[in-house]
Amino acid sequence: MPGVHKKIEIVGTSPVSSSDAIKQAVAEAGKTIQHMEWFEVKEIRGRIHGGEVAEYQVTIQIGFKL
Amino acid sequence: MPGVHKKIEIVGTSPVSSSDAIKQAVAEAGKTIQHMEWFEVKEIRGRIHGGEVAEYQVTIQIGFKL
Amino acid sequence: MPGVHKKIEIVGTSPVSSSDAIKQAVAEAGKTIQHMEWFEVKEIRGRIHGGEVAEYQVTIQIGFKL
Amino acid sequence: MPGVHKKIEIVGTSPVSSSDAIKQAVAEAGKTIQHMEWFEVKEIRGRIHGGEVAEYQVTIQIGFKL
Amino acid sequence: MPGVHKKIEIVGTSPVSSSDAIKQAVAEAGKTIQHMEWFEVKEIRGRIHGGEVAEYQVTIQIGFKL
Amino acid sequence: MPGVHKKIEIVGTSPVSSSDAIKQAVAEAGKTIQHMEWFEVKEIRGRIHGGEVAEYQVTIQIGFKL
Amino acid sequence: MPGVHKKIEIVGTSPVSSSDAIKQAVAEAGKTIQHMEWFEVKEIRGRIHGGEVAEYQVTIQIGFKL
Amino acid sequence: MPGVHKKIEIVGTSPVSSSDAIKQAVAEAGKTIQHMEWFEVKEIRGRIHGGEVAEYQVTIQIGFKL
Amino acid sequence: MPGVHKKIEIVGTSPVSSSDAIKQAVAEAGKTIQHMEWFEVKEIRGRIHGGEVAEYQVTIQIGFKL
Amino acid sequence: MPGVHKKIEIVGTSPVSSSDAIKQAVAEAGKTIQHMEWFEVKEIRGRIHGGEVAEYQVTIQIGFKL
Amino acid sequence: MPGVHKKIEIVGTSPVSSSDAIKQAVAEAGKTIQHMEWFEVKEIRGRIHGGEVAEYQVTIQIGFKL
Amino acid sequence: MPGVHKKIEIVGTSPVSSSDAIKQAVAEAGKTIQHMEWFEVKEIRGRIHGGEVAEYQVTIQIGFKL
């Protein structure tokens, strides 16, 4: 990992699972960011609707090369 | 989110995944609590049996309107 | 849980999900450790490649009887 | 503080300030709980609407005598 | 630990020791709660009077089966 | 909260109160960011001058829709 | 901030707001300490009396030049 | 707890127990400090000698009225 | 403490007190480890049975010279 | 520090020391950011190669005036 | 470490490195405190000037025998 | 980082700097461990003797492939 990297913080959502919410966040970030290398999970939470889990919301930090 | 909410802490379990353990916790809490709106994951742990993961145990806080 | 236990720290990886990465870590640890009883998730992170999640990396502590 | 106490977790909201959100949470809790003695702030967050702070949301724990 | 559990937060006090304060908290909680299975210490503090420790105050979470 | 969100970290200041410092941070961020939805307080500190509080400095994370 | 500084920990109280409790703490500390430069909030809690917030208690660290 | 308080940090030691180490810390602090009101445990550690616990070392913060 | 040390993590149990659980952990570790020098408490929890504390479980890190 | 500031998170690397890694991060950030005022260290880690420290990786937050 | 110790919190600064900032803090504290035995790093931050690191600011706790 | 890794915790010491203490820890661990890949700093502290820093003590976790 030589060189300088930046970390940004993104919240992905998914009705399926927390792992899928991470995939959504990375996919969306990849539309504008090049050279993404790793992510770190900071928080897992979610929305409840009608007595059931409606969506998982996962906050991740994404590291990419400047 | 206007109005006052209460948070309770529940531990759900599942042999399948941590996301499924969250669903179990919310479903069980929904039997006695109305107006649940969100959850926050506080801890993920589990039981091992016979050298394999026997169950995921996920502690969540559930927020609901008073 | 009577008796004295030890905890070790293992990082499992999986291209599928964080729950699967935990299973990989427990399975690998089970090759050399007897009497594993529980695990605790300490960190969830992962590697990104080509703009997509390449693998989930989950650090767990495993408790086993001495 | 002799005797045994219980702590519950409440989220109060206010459009005015975080201190006012605490007052709202305590007032609401007081409708059903006797002998409240102290509170501890756990989290301060809020909702933004139209580019401005719409409400402060303060999570507190309230301690009361059983 | 199959099934869903709930955690509540209790503060026990004792003039003797922090371990005794835990026992007081569990004993009091047991008057109204069935199926308590474990506790987790969250905070240890206390009151000082006349230049000496007057009481230990230990906050624990108690887990019990719903 | 469906869709992917981003969080940025801003420090607002105010000579009046910590709640006012949050308002200043949100107002400033709103000049360049659309669709702000929530904030989370990360740190409260401040500057002292002449033996009195000169300003409150509140670090918040702001979440907005991408 | 060249030179060596010391930090002390003070608890201010106020019936009005948490920001006012900070002011009270700084004012009291200023009676015996010169060259105070900044404060950091460590904890916000308070006393409840008669079902209402009786006072805010804010623990701050104050930094001053030696 | 009206008025302004100060917190200092003391490490007490005891070969007997962690609760006794707290008592030692409070007793020693009481030789020079008036109006001590409460303590908060920050860390519990200790020294091992000859394969056995030689002493418990407990770091506490003591709050007293200025 | 010159030289390089290693830390391992052990969970001791005792029906008597948390301080006794630490002693049990150190005694057990001493059967296979030489030159143990200090311990650090990481977690205090326990098992409840029949409405009473059945055992204290204390997780400690033990430092010893390599 | 009057006015509103923003914080970004950067990871600097250096084969020499953690302090040098901070310098690298600040120098790189300075190519695109004006008015940088302070940094806060969030994490120190590194890469090992051939049994030796190959590089220090230090994550810092940089605060700058908007 | 038999006997009772006190901990104070000091911020040292240095334009050279974080390790040098610790030395400055200890040297300054040693002018008025006898029997200093250990330090613990609590925070590493610093000031940026002209796009470069101007000084490292390291907050340490110093333990000394009463 | 495909495959399963283990983390161990080591304390390195150096009279020179915290970065050098990390090097000492890695070098010592390398005598018995193959395939070390990264380290994470967990704690920086040290010993004071004669009013000066006598040694830096840095606790790191080292990750290596099983």
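Every chain is named by a letter (A, B, C, D, E, F, G, H, I, J, K and L) in the order it is written, and numbering of its residues begins at 1.
In this text, contacts are C-beta pairs under 8 Å (C-beta built on N, C-alpha and C of every residue); 3 or more make two chains touch, one makes a residue touch a chain.
All figures in this text were calculated on a predicted structure; none of them were measured in a lab.
Visitor: Which chains contact both chain J and chain L?
Guide: K
Visitor: So what angle, to the nearest 5 degrees, turns chain B so that its CA atoms land on those of chain J?
Guide: The two chains, chain B and chain J, differ by a rotation of 120 degrees.
Visitor: Would you indicate which option in H-I, B-E or C-I repeats the interface seen between J-L, with over half of the contact pairs matching by residue number?
Guide: H-I
Visitor: So the centre of each chain is just the mean of its C-alpha atoms; given that, what is the distance between chain G and chain I in Å?
Guide: 38
Visitor: Which whole number of Å gives the spacing of the CA centres of chain H and chain L?
Guide: For chain H versus chain L, the centre distance works out to 30 Å.
Visitor: If you look at chain K, which of its residues touch at least two other chains?
Guide: 8-9, 17-19, 47
Visitor: When you check every pair of chains, which ones turn out to touch?
Guide: Once each pair is checked, the touching ones are A-B, A-C, A-F, A-J, B-C, B-D, B-E, C-I, C-L, D-E, D-F, D-G, E-H, E-I, F-G, F-J, G-H, G-K, H-I, H-K, I-L, J-K, J-L, K-L.
Visitor: Under the definition above, what is the set of chain I residues touching chain C in their complex?
Guide: So the residues of chain I touching chain C come out as 8-13, 24-25, 28-29, 47, 55, 57, 59.
Visitor: What residues on chain D touch chain G, complex-wise?
Guide: Touching chain G from chain D are residues 17-19, 22-23, 26-27, 30, 36-41, 62.
Visitor: Which residues of chain E touch chain B in their complex?
Guide: Touch residues, chain E against chain B: 1-9, 61, 63, 66.
Visitor: Could you please specify the touching residues of chain D with respect to chain F in the complex?
Guide: Those residues of chain D that touch chain F are 16-19, 43-48, 51-53, 56.
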